Amino acid sequence: MFDKVLIANRGEIAVRVIRACRALGMKTVIVYSTADRLSRAVLMADEAYCIGPPEARKSYLDGKKIIDVARRSGAQAIHPGYGFLSENAAFAREVKEAGLVFVGPNAEAIDAMGDKINSRHAMEKAGVPVIPGIERPSFTKEALKEAAREIGYPVMLKATAGGGGKGIRIVHDEKDLWQAYERSVGESEKAFGNGTVFVEKAIEGPHHIEFQVFGDKHGHYVHLFERECSVQRRHQKVVEESPSPFMTPELRAEMGEAAVTAARAIGYDNAGTVEFLVDRHRKFYFLEVNTRLQVEHPITELVVGVDLVVEQLRVAAGEKLSFEQEKLAQTGHAIEVRICAEDPDNNYMPDVGLIESVILPDGPGIRLDSAMAAGLEVTLHYDPMLAKLIAWGHDRAEAIGRLKQALTEFKISGLRTNVPFLGDILRDERFVAGVYDTSFLEHFEKPPLRQDVFDAAIIAAALFKHVEGGGRKLAGSGKGGLDPWKSFGRVRGARRL
Amino acid sequence: MKYVVEHEGEEIEIEVHETEDGNYEIVRDGHVLIADFKKIEGSRIYSLVVKNRSFEVLMRQEDDLVDVVSLGRGLRLRVESERERNARLITGAGGSTEGEIVKAVMPGIVVAVNVAEGDVVESQQAICVLEAMKMENEIRSSVTGRVLKVAVAAGQTVNAGDVLVEIGPPDEAV
Amino acid sequence: MFDKVLIANRGEIAVRVIRACRALGMKTVIVYSTADRLSRAVLMADEAYCIGPPEARKSYLDGKKIIDVARRSGAQAIHPGYGFLSENAAFAREVKEAGLVFVGPNAEAIDAMGDKINSRHAMEKAGVPVIPGIERPSFTKEALKEAAREIGYPVMLKATAGGGGKGIRIVHDEKDLWQAYERSVGESEKAFGNGTVFVEKAIEGPHHIEFQVFGDKHGHYVHLFERECSVQRRHQKVVEESPSPFMTPELRAEMGEAAVTAARAIGYDNAGTVEFLVDRHRKFYFLEVNTRLQVEHPITELVVGVDLVVEQLRVAAGEKLSFEQEKLAQTGHAIEVRICAEDPDNNYMPDVGLIESVILPDGPGIRLDSAMAAGLEVTLHYDPMLAKLIAWGHDRAEAIGRLKQALTEFKISGLRTNVPFLGDILRDERFVAGVYDTSFLEHFEKPPLRQDVFDAAIIAAALFKHVEGGGRKLAGSGKGGLDPWKSFGRVRGARRL
Amino acid sequence: MKYVVEHEGEEIEIEVHETEDGNYEIVRDGHVLIADFKKIEGSRIYSLVVKNRSFEVLMRQEDDLVDVVSLGRGLRLRVESERERNARLITGAGGSTEGEIVKAVMPGIVVAVNVAEGDVVESQQAICVLEAMKMENEIRSSVTGRVLKVAVAAGQTVNAGDVLVEIGPPDEAV
């Protein structure tokens, strides 16, 4: 096992990995950008090295600097978290060449799955069902039109590299096709340094269901059941749950087997996720493999009773998988929501500023994975996700109840967040019934407000105005100065009343 | 003191008087209530107790808009003192439906501009695409109107607060 | 089931009960003293009624006022939490007579167990082993000496009413006997309004091991295994764990059966705890029954996978126990520590003041039961316990590791707490080995400090002085005014360097 | 600036110089270190990074004593500037072993007084019993000495800060 591990990430996932290292008695080294000097991860790690300015390209994406820190600090392994360099095969290779261990799958597996075209090929060959589609290194306008016609609208445009919804567009009409393609290419070039985009059949009203898989360096493969991730906005997951309310035992067995087949086919040797689309007839299609730890891994941990990050470190160190497929089972139900500094009533505009104070939920069945604390500044440089709130219950109803209560308790002063929006999702009839697909948020409407809550809000607002006085400042804030976001709130938000 | 709280076009008048024991007398539609309203120090959380009903309320104010979160539910309200409201109505300032100045809300790069000067835009129509935080954000018009001015071009870097596009009423001459 | 429940308590347990009510869709009514106006419980409850000044006697112990609020608010049941009126049979009777439900056992069971002498009789009769002892309504000096001689020193003096370590004294020598007796009588009169104290054999080096039991109104009884509570200071529990590292499967079966026997013997019909002393030869003696929810109930919840408060409410409403003895099992290991505002380096002197900010631990396996938040004032009126931190692990080592890490993360600005002391306990060799009895804390010494941590502390202290300047104020505090505790810190603390 | 940090009788001298980039140069026993030391706003938490070792430090100061908690471990230190220390040594003030004034630390009731004027008390000997927070607290002497004055009697109610007992050096005449 390792004595010392470098964590090449930030935010909640860096904190999560530090905790796993501590559980194994390993020292931790964090690298950070100047924007993260006072982050929880820097304060919690045993060693901290500043590797550059806030821009990710010059810090968290600078593999050379990170490997250099690993060398200087004597770390034997690098955990990339998710995002940043986690699915960068070149980085994984450089780490290995530097005599260090990359805590993730081998570079070849990343390569094989990093490119959507290659991964489709590999999966077709292994007998895993894929979505009909057409792939080219690049398309001319005409070739693209032809391909889309052949497949039939609506079609999806997808970056072959990367994930997280970046570079993905759905096109319903030929007139929007070329513009959408150009944007996908642009986004994907910027995000992944690779502008290849392919076109495939869009499956309408599908479920996004993924399977957690794990392989080791000794040829063992298991899956840890599914996660239902159909509550998405612009292909960004918002709420995840396990088990999926759409799942049947037969489908689970079939998909689990397909997931393990996928892992085996590419010699996968760490934690990974096989994403599927499942149509309304419960026919499933391979989507992609995320060759890293997933943001939503805690729901699997709670339902299956494992520590995936600890297992990642063990397996990376060459140990055999401690999981045996026959002994793995799902117990109870877990749901995760992603707490973000954004305004769902205003096009999900990200919010920035100082976290003045927080009230965090706790109690039975509640898990919080966060790097949030009063006194921290949320900036525009990184993802607006502040924390993941996860509830476990004996059954789905209990999990929803606990999560709803926890969201009611969750209070962040100083930033606008999606906390009430997440609570609204949990109150939605379709969500409560467990009957929803990836179009859920497109048709989402806030559930009605109780009259007494409305009346209290009106009184509270008047009293607030009375106590805090003039309205042209951000009341409660000790800060002066103009915040550009404020004017946005006024100019745009005023009409959303 | 009288306040006007507006929600989805509906205006509600609330009268607030301070009582001797530190509470507040609230008058709404002729009904009188006593409210116990206190702040949690160092936060933006208030505790409101009215007729023994307890509400923990998180507040966030931006200009005349107040976001209220209570019992897990969120509500965006416009709150003005009666005086402020009268002043606004007399001067005709604020809350206009006559047009919009669309500003950059964050530093970023203009990826595309979808409108030209003189174009008529619908409410919610995409005006331009701004890349920031590694995401492309479509900036939409919140009014129906005519584009008076396009202040940026694709490829341009903008700072927060920079004007992107100015939109006037649909019938305004260009 | 109930529509509305009144919670006759404060602090973390009031919050815990509110959450359980929410899980069941019940409305909550909280009563509070003026000191608790801005407490989490008051902010979280649906309805809040002020019932008096901070003194418990005039608020949380005033049963009449509380029953009156229940009537006015339309609550159908009263949950007493722990402490305050939770083991007051007269109150339980008054609640029943008012046509309301007391969420706890029937008054007769409380009566039977509330008095240590009666409970000894009942247990002896039921065949549960008890500690040899002598009981009188009151002792003369001579009679007491005689009784102690007959039993043999050391002897324990114990209040027949109440628990929580109040009114308990161990006496090793006849010369201390009478003074100790008088103090016990005095304390017990003040605490419970009943000055009866009895004398029994002191079992040296014993384990304090308790069994969670549950009965319903239909004659069903189960136990939910043990909690090891031997880490005590002045009979106050500090750390609890389940399972007990001292336990054997045979002893567990035997004690579990005795616990159920005890519950059945008194017709017990809600959650309760049967406390035992276990000597070094694993011979066990009945100690007492706590006829209420126990502070440390979460470790049982985590290991057995149940919600005890939800079950309390269900059973109080007349439902049958949802637990079946054969289906109950222990999974993994859980440890709880009690976070208190006190100074373990200065005779555990309680600390008071404003909680300026908190950093709360979270992540896998961590549960926090708290009513703590930045902006809250901790006063002298109530127990100094701020929160309970609980860690679950697949095994004891993992639970210790997670809890140690969580304590390292836990930061409360503004109050002195026992957080580092609790971490020191978890680092103690005997604790880590699981070899300790109730004398553990008497012989406790802090584990040695790592040189690098010491060096960093020295540098940090100098820098702090440099940055914050003059030392005669409480740096970092925005408050003026003299705090009487400060002078104590100076006068007494200075010599503890 | 020079500071003296005392721990269990051991005195450690630390020299602090501010560097131009906002860090600190630390000199201890002739060794020089660069320390990056920053406060988390609104809290008493500081981040100390020295030679890439990171320490999150929670501080609590009362007079010249500083409680330092880092990596889960606690340490009570006396910290003085060199000037303060010199002043103290010259005037002979503070930190004395010559006696003690024992004060009530909270409002409560004196349950028992175990010593009388003129008694010799050992360090850690119980002096009186104070009931507060529903618990009886034994108040102990932290010095060996002779009781100069007993200021309270059993049954008396005291406020925080009230003197309970004064203890002088063992050889002092009464």
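Descriptive notes on the structure:
Residue numbering begins at 1 within each chain, and the chains themselves are lettered A, B, C and D in the order written.
Assume contacts are C-beta pairs under 8 Å (C-beta built on N, C-alpha and C of every residue); 3 or more make two chains touch, one makes a residue touch a chain.
Remember, it's a predicted structure, so these values are computed and weren't measured experimentally.
With contact taken as defined at the outset, chain C and chain D are each touched by A. Ranked by how far their CA centres sit from the centre of chain C, the chains are topped by B. The interface holding more C-beta pairs in contact, when A-B is weighed against A-D, is A-B. For the pair chain A and chain C, the distance between mean C-alpha positions equals 40 Å.
Taking each chain's centre as the mean of its C-alpha atoms, chain A lies 30 Å from chain B.
Rounded to a whole number, the gap between the C-alpha centres of chain B and chain C is 49 angstrom.
In chain A, 44, 356-357, 359, 373-375 are the positions where the chain touches two or more neighbouring chains simultaneously.
In chain B, the residues that touch at least two other chains are 40, 42-43, 45, 53, 56.
Chain A contributes residues 56, 166, 183, 186-187, 190-191, 345, 347, 349-350, 352, 356-357, 359, 380-384, 404, 407-408, 411-414, 416, 419-421, 423-424, 449-450, 452-454, 456-468, 471-476, 482, 484-497 to its touches with chain B in the complex.
If you check the complex, the residues on chain A that touch chain D are 30, 37-38, 42-49, 73, 354, 356-357, 373-376. Interface residues of chain C, counted against chain A in their complex, comprise 15-16, 19, 22-23, 25, 40, 44, 298, 301, 305, 307, 331, 357-360, 362-364, 366-370, 373-375, 394, 398, 401-402, 405, 409. Contact residues on chain B toward chain A in their complex (touch as defined above): 1, 3, 5-9, 12, 14, 16, 24, 26, 28, 33, 35, 37, 39-40, 42-46, 48, 50, 53, 55-81, 84, 94-95, 97, 100-107, 111-112, 129, 131-138, 140, 142-143, 159-161.
The residues of chain B lying in touch with chain C in their complex are 38, 40-43, 45, 47, 49, 52-54, 56.
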